[in-house]
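Next come two complexes, and both contain subunit A; in the first it sits with subunit B, in the second with subunit C.
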Partner chain A sequence: MRRTLRGSLVTLTVSALLLSACGGSSDSDAAAGDEPRKPGEKVELNFWSWAPEMDKTVEVFNEAHPDIHVTVNKQDGGDPAVTKLLTAIKAGSGAPDLMQAEYQALPTMVGAGALADIKGQLGDDVQGHFAEGTWNAVTLGTDAVYAVPQDAAPLMFYYRADVLEKLKIEVPTTWDEYAAAARKINEDDPKKFLGTFSSNDAGLFAGLTQQAGASWWGIDGDAWNVAIDSEPSQKVAQYWGGLVEEGVIDNTPMYTPSWNAALNDGSQVGWVSAVWAPGVLAGNAADTEGKWKVAPIPQWNAGESVTGAWGGSATAVTSQSKNKAAAAEFAAWLNTSAEGVKALASISNVYPADTQNSAAALSEPPAFFKDQPDFYEIAAGVSGTVNSFTYGPNTNVAYSAFNDAFGKAATAKKAAAFGEALSTMQTQTLEDLKANGFNVK
Partner chain B sequence: MKTAQQKPSLVGTGVLLVGAVYCLIPVVWVLMASSKTSSELFTTFTYAPGTSLFSNIADLTAYRDGLFWRWMANTGLYAGAGAALSTLVSAMAGYAMAKYRFPGRGALFNILLAGVLVPGVILAVPQYLLFAELGMTNTYWAVLLPSIISPYGIYLARIYVSASVPDEVIEAARTDGAQDWRIFRSVVLPMMVPGLVTVFLFQFVAIWNNFLLPYVMLGDDKLFPVTVGLSGLLNQGAQQPAMYSLVIPGALLSILPLLALFLLLQRFWQVDLAAGAVKS
Partner chain C sequence: MTSVTNDLVSATAQKDPPSGSRRARIPRAPYVFMVPAVALFVFSIAIPILYTAYLSLRTVKVEGLGLGPGARTEVWAGLSNYGRTLSDPDFLSSVLRVLGYGLVVIPVMLGLALLFALLLDSVRVRATRFSRLVIFMPYAVPAVISSLLWGFLYLPAVSPFTHAAEQVGITLPQPMAPGLVLFAIANIAVWGGVGFNMIVLYTALKAIPSDLYEAARIDGCSELQIAWRIKIPIIVPSLIMTSVFGMITTLQVFAEPTVLRPLTNNISTSWSPLMMIYRDAFTRNDIYAASATSVVLAVATFVLSFGFLRLVQNRAFAQENR
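For the complex of A and B:
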């Protein structure tokens, strides 16, 4: 997930305060039944979401469903909304009926008793709309269903087609080729980089290790295990550390003003990012319109086809909702019906997780990539190849450990420091799990 | 009351000038950045004006059917009503604590002093939990009610009453047969005006700039004050770039009413500072 108020003291303070106010598990009853519904009575549902224009998307639902009315409360993207929900759950009131939640936040929310198991309220056909890896993210590998996947965010490789063409570089299909291309570009013009290692974006790094086969957490019976410092993660850390040490990849964090400027003035000529990148590029690098293209992400082994994810979210029903059946009906409509998926894609501009209806919903490439008509075909091709990955109940702790440890490593520009940063992350995440009373193996 | 014509100190003037520049540079930045398109923002010289101030403001006004102006109106309501009520409560409490003898007065004053030292930020989460208990989160009241009690305001009012309302005046009014409420309303309150303007301004600015309390309390963005609304525009999630070209003009517009208020009420503020210095 992408944040823009990076390192903001306010955000940190708020999270710290709210988290300390809502530590421990909730005593709310996730299995509480619905209030009895009188015939002909209109059900009012509240939906916290940060997707753009979600209120207009929901309008389509409201018009077609006279007995249910959904009101959207727009939230700040990602973490702030989660923190707010957990506080409301702990306080016993104030939570919405429905909540847009990022996949990596689901274990935290389930652990706090914030989400209802809606398996019984969903039709049998819902699961068939999603790729296996995506569905796994909302079941956490259990028999319960905690949310309906909303948008998917498979990693792809964005590059400046004009620059690569000028230097006669083939679009890299493996990470070795990517490294060679990065060297060539930097050699031609030392100010140009094929990418940057961002010590602010743990989500991206997690996605890259996901592609290499890592899964940072795992559930073993009733115990958690942490495998951040694993062989695949080390491979990824060493690879990027090596390129940074060599100086052919930049070490400026993403989503900073200088990075924005570098995208716009053409000194950043490549970006490993997710399917939502066109919106960001359009906003931050307007001058480069028409010069970017997308390709599947480079592979570790030639001929393979796997990727990771960066972001993506699901629609969950909260444990405080008094109308769980109606809420689940809405979540299923939004994410699996032809009209819902179309509205999501065309009005709210997200890449739907639904694999059956997205092709019809996404016939046109994003405006910023109008010269690449097969944009969504490429996206559809890779979205089924996302490796499965389990997030943990303290993803936020691991991510802030990443920011600290890799921030130092990236500044030091030493490949060895990248490996050490990974073990620092492992230790801190594991210690935090133990300190919070989780059963850890 | 000038004693002698002094030459201005070069060092002093220099320090003040540096201070003025330090305070004004961010304002200039906001002014310049407000006028830039999002691509100009990261490419042109920082303190050079851009080309799109009015189109930025038009875009901001158009954002989700004028939501920004609703935030401004909300902030106006929170700050205006909150500060007015807070001033009234502070005046009454301060007067009572300064002029009435009752058991526990000393203890109450000490608790109040402790309250002055506790930053409001720390109280936001407990207040949220209390309001959740009452089912009143996500309402206008959730932000208004906690703003009404200001320990600092009560403290200031108490100090001001002790210093500027002589006991004799109150005794005279009582001799003339005035009841407590009448004394407060017709005698004490008019004498407290300069002090109360200070309390009002302090509280108004504090509520206007408050972020954490409304951020914690409110889920519906139609109730947001402008601080929380603008911060939300920067946190758009993955699909959209941050809307710098809306947020920065929004920040500029949001400080204009504060500037106007300060210019209007500045005189009273000065009177009060001088009065405090002489009487204490």
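For the complex of A and C:
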């Protein structure tokens, strides 16, 4: 008995170790050149993406290009796909040719040698299709081009038009007006909130500070600097902390069953979100169809017009691809050609980053906002006003630090705690860069 | 946990083979029979452990901005990953938190399991088979599913309990508030674990020859006294074994807090040591720090379980060592 018991204890204990053994060790030494293409031979490309119906969008490409065939491999979402790709890169094989990558993950992926520089394979006209800030996100401010922008996600303000109308509240155009509206709504019914501060969504908070003029990372010569705890970010943190402390907005996370229920039963009557919000609202708050409207995000200074972004992604070619030229051709088609952009918008329901063809592709408002025919005009109006923002090589570290630090602050319900949470994030992010040997200023 | 069940079955079923019958020449067959087991052990246990230990001594060195190919190289790190783990306040507080969690889970879970096992074993209880099944059933629900179920019950906006309490004018405390969240997680573990431990203890009780009870009854023992003076002392080895399993699963608590984390502000990404390992490895892409923490956690689990076994050994295995 004793021996067998010990044996099974060993097995059990040991399985704790296995968890961490999934990564590989050797960094791929990248970029083997393309395999020569024989005439008439069909190129097979693999594309990891999590956009809805991407396989149908790609079908449009496949039909028009008999010599290239793209297969979509559906992914769970941004972060899991990045982890999978980095593991495949370390292992030396198993990466796809093409990969949908969120803008904030690009520096991490480029740093791991996972993405190919496709500047040489793209036509000169590609850059002209995108706003300067968007293009900057795929070059990381260097001479290389690591991806073609796919979708943009400017922040906008969604609100329940019926509730604001009933309380005779004008749609807020500044953050002061937003605060006043939040107070009025909560005063009328203490169960109603104009929004919530979510400690789960670092991406939204980053976008809000972006609007205020922050850029959490920056490249200064050959060194990174971290400016998470900066004056504009503090302003944003204190503002939301103040509203939470007052109790006029909620402090529980977004994307929980309770938040979904609150959107649907009308206790959450506003949402600062991005252009992709209609899909989420349609899924979570079906009972409120036709009651929501969109407006540009409230401003810090009356009369200004700037915004931030929450999400958005690009199409990148991986360093393991053996057909980089064909892959770059597909990335350019998907994101800059009239047919590609139209398919992206109408089939996959994403808001294309392209500025030349998207107006034609987006003539109809999203189904959930069918009473607001100018939905995409408003979106197009704000998408050119996204402040520039640099993501760093350890965005994930900063984001997980955000979860923990702002989770505590949101529970504490003190504006001062929000300020401290920001400096905790700054310290942890900076320490991580230093510990990994990055040049830091 | 299924492997635990299997091990248990084999542990209880196995008897020492009869000794004697020594042969002069060394037979080859036993070694051939061992090949599959050894191969499994080497490839699925030994190599990953060695690899983890190797990774825990490595780290990535970044040049300059860390962009472009060749900017990151893997180098020897010595014991610096271990230094970082052991001096990380997040790690230390996660260990303390999990120890506190264990102090709640293990006594409550084993206490309930023992109580149910004794009740089912006592002569007066009816519908034994049905009750046994009902108590065991939660164990068949995967931890992720049960955590989701409980998560819904804990969230005031969607919980039927909150709703029902409001109807009669009572405000329930929020289970995922800072002071209660540990108990909310412990509750899920207890709910899922009682059934399994009950079966183990119940099986041990069934193995006790009934003439012991008859003798006790003739001597005027009440059922309560039989339970306290005969049943519990005899199943002490099983109780110890279930405690050790409980300690190991406690140190490795992961699924419940991970599933509940997005629902609340009060569970951090390093709530338990295993969550911290997961975060470092898969969110922060720092497999090296995660490996070092894994090794530390494995060693701690080892020390704790064997320390506990040593402490109670004489008592538990007295009859075997005779």
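The rule we apply is simple: the second predicted complex is superposed on the first by the 409 of 441 C-alpha atoms of A that agree within 3 Å, B and C clash if a C-alpha of one lies under 4 Å from a C-alpha of the other, contacts with A are read in each partner's own complex, and residues count from 1 in each chain.
In this section, a residue touches a chain if its C-beta (ideal position, glycine included) is under 8 Å from a C-beta of that chain, and two chains touch if they have at least 3 such contacts.
Just so you know, these numbers come straight off a predicted model, no measurement behind them.
J.: Quick one: classify A:T390 as touching subunit B (first), subunit C (second), both or neither.
T.: Neither partner.
J.: Using the touch definition from the top, say if A:A88 reaches subunit B (first), subunit C (second), both or neither.
T.: first
J.: Determine, for the superposed model, which of the two partners subunit B and subunit C contacts more residues of subunit A.
T.: Comparing subunit B with subunit C, the partner touching more subunit A residues is C.
J.: A:A112 in the overlay: touching subunit B, subunit C, both, or neither? Say first, second, both or neither.
T.: In the superposition, A:A112 touches subunit C alone.
J.: After lining up the shared chain so the two structures overlap, which partner does A:Q150 touch, if you call subunit B first and subunit C second: first, second, both or neither?
T.: neither
J.: With both complexes overlaid on chain A, does A:Q121 touch subunit B (first), subunit C (second), both or neither?
T.: Touch partners of A:Q121: none, neither subunit B nor subunit C.
J.: One more residue to check, A:A261. First (subunit B), second (subunit C), both or neither?
T.: both
J.: On the A-aligned overlay, A:Q211 touches which partner chain: subunit B = first, subunit C = second, or both, or neither?
T.: neither
J.: Pick one for A:A410: touches subunit B only (first), subunit C only (second), both, or neither.
T.: Touch partner of A:A410: subunit C, not subunit B.
J.: Please write out, lowest number first, the residues of subunit A touched by both subunit B and subunit C across the two complexes.
T.: Residues 1-2, 4-5, 13-14, 17-18, 21, 255, 257-258, 261, which sit in both footprints.
J.: Could you list, by residue number, the parts of subunit A that touch subunit C in their complex?
T.: Per the touch definition, subunit A meets subunit C at residues 1-2, 4-5, 7-9, 11-14, 16-23, 25-27, 29-31, 79, 83, 86, 107-108, 110-113, 140, 142, 144, 199-200, 219, 222-224, 251-253, 255-259, 261-262, 267, 319, 393-394, 396-397, 399-400, 403-404, 406-408, 410-411, 432, 435-439.
J.: Help me check something: in the complex, which residues belonging to subunit C touch subunit A?
T.: Checking each residue of subunit C against subunit A gives 3-4, 7-8, 10-12, 14, 44-45, 48-49, 51-52, 54-55, 58-74, 84, 151-152, 155-158, 178, 237, 241, 244-245, 248, 251-252, 262-270, 274, 277-279, 281-285, 287, 290-291, 293-295, 297-298, 301-302, 305-306, 317, 320.
J.: For the complex, give me every residue of subunit B touching subunit A.
T.: Subunit B reaches subunit A through residues 38-39, 41-43, 121, 124-125, 128-129, 132-133, 135, 137-138, 211-212, 215-216, 219-221, 231-232, 234-243.
J.: Using the touch definition up top, name the residues of subunit A that touch subunit B in the complex.
T.: 1-5, 10, 13-14, 17-18, 21, 46, 48, 50-52, 73-78, 80, 84, 87-88, 90-94, 96, 151, 153, 255, 257-258, 260-261, 264-265, 274, 276, 279-280, 282-287, 310-311, 348-350
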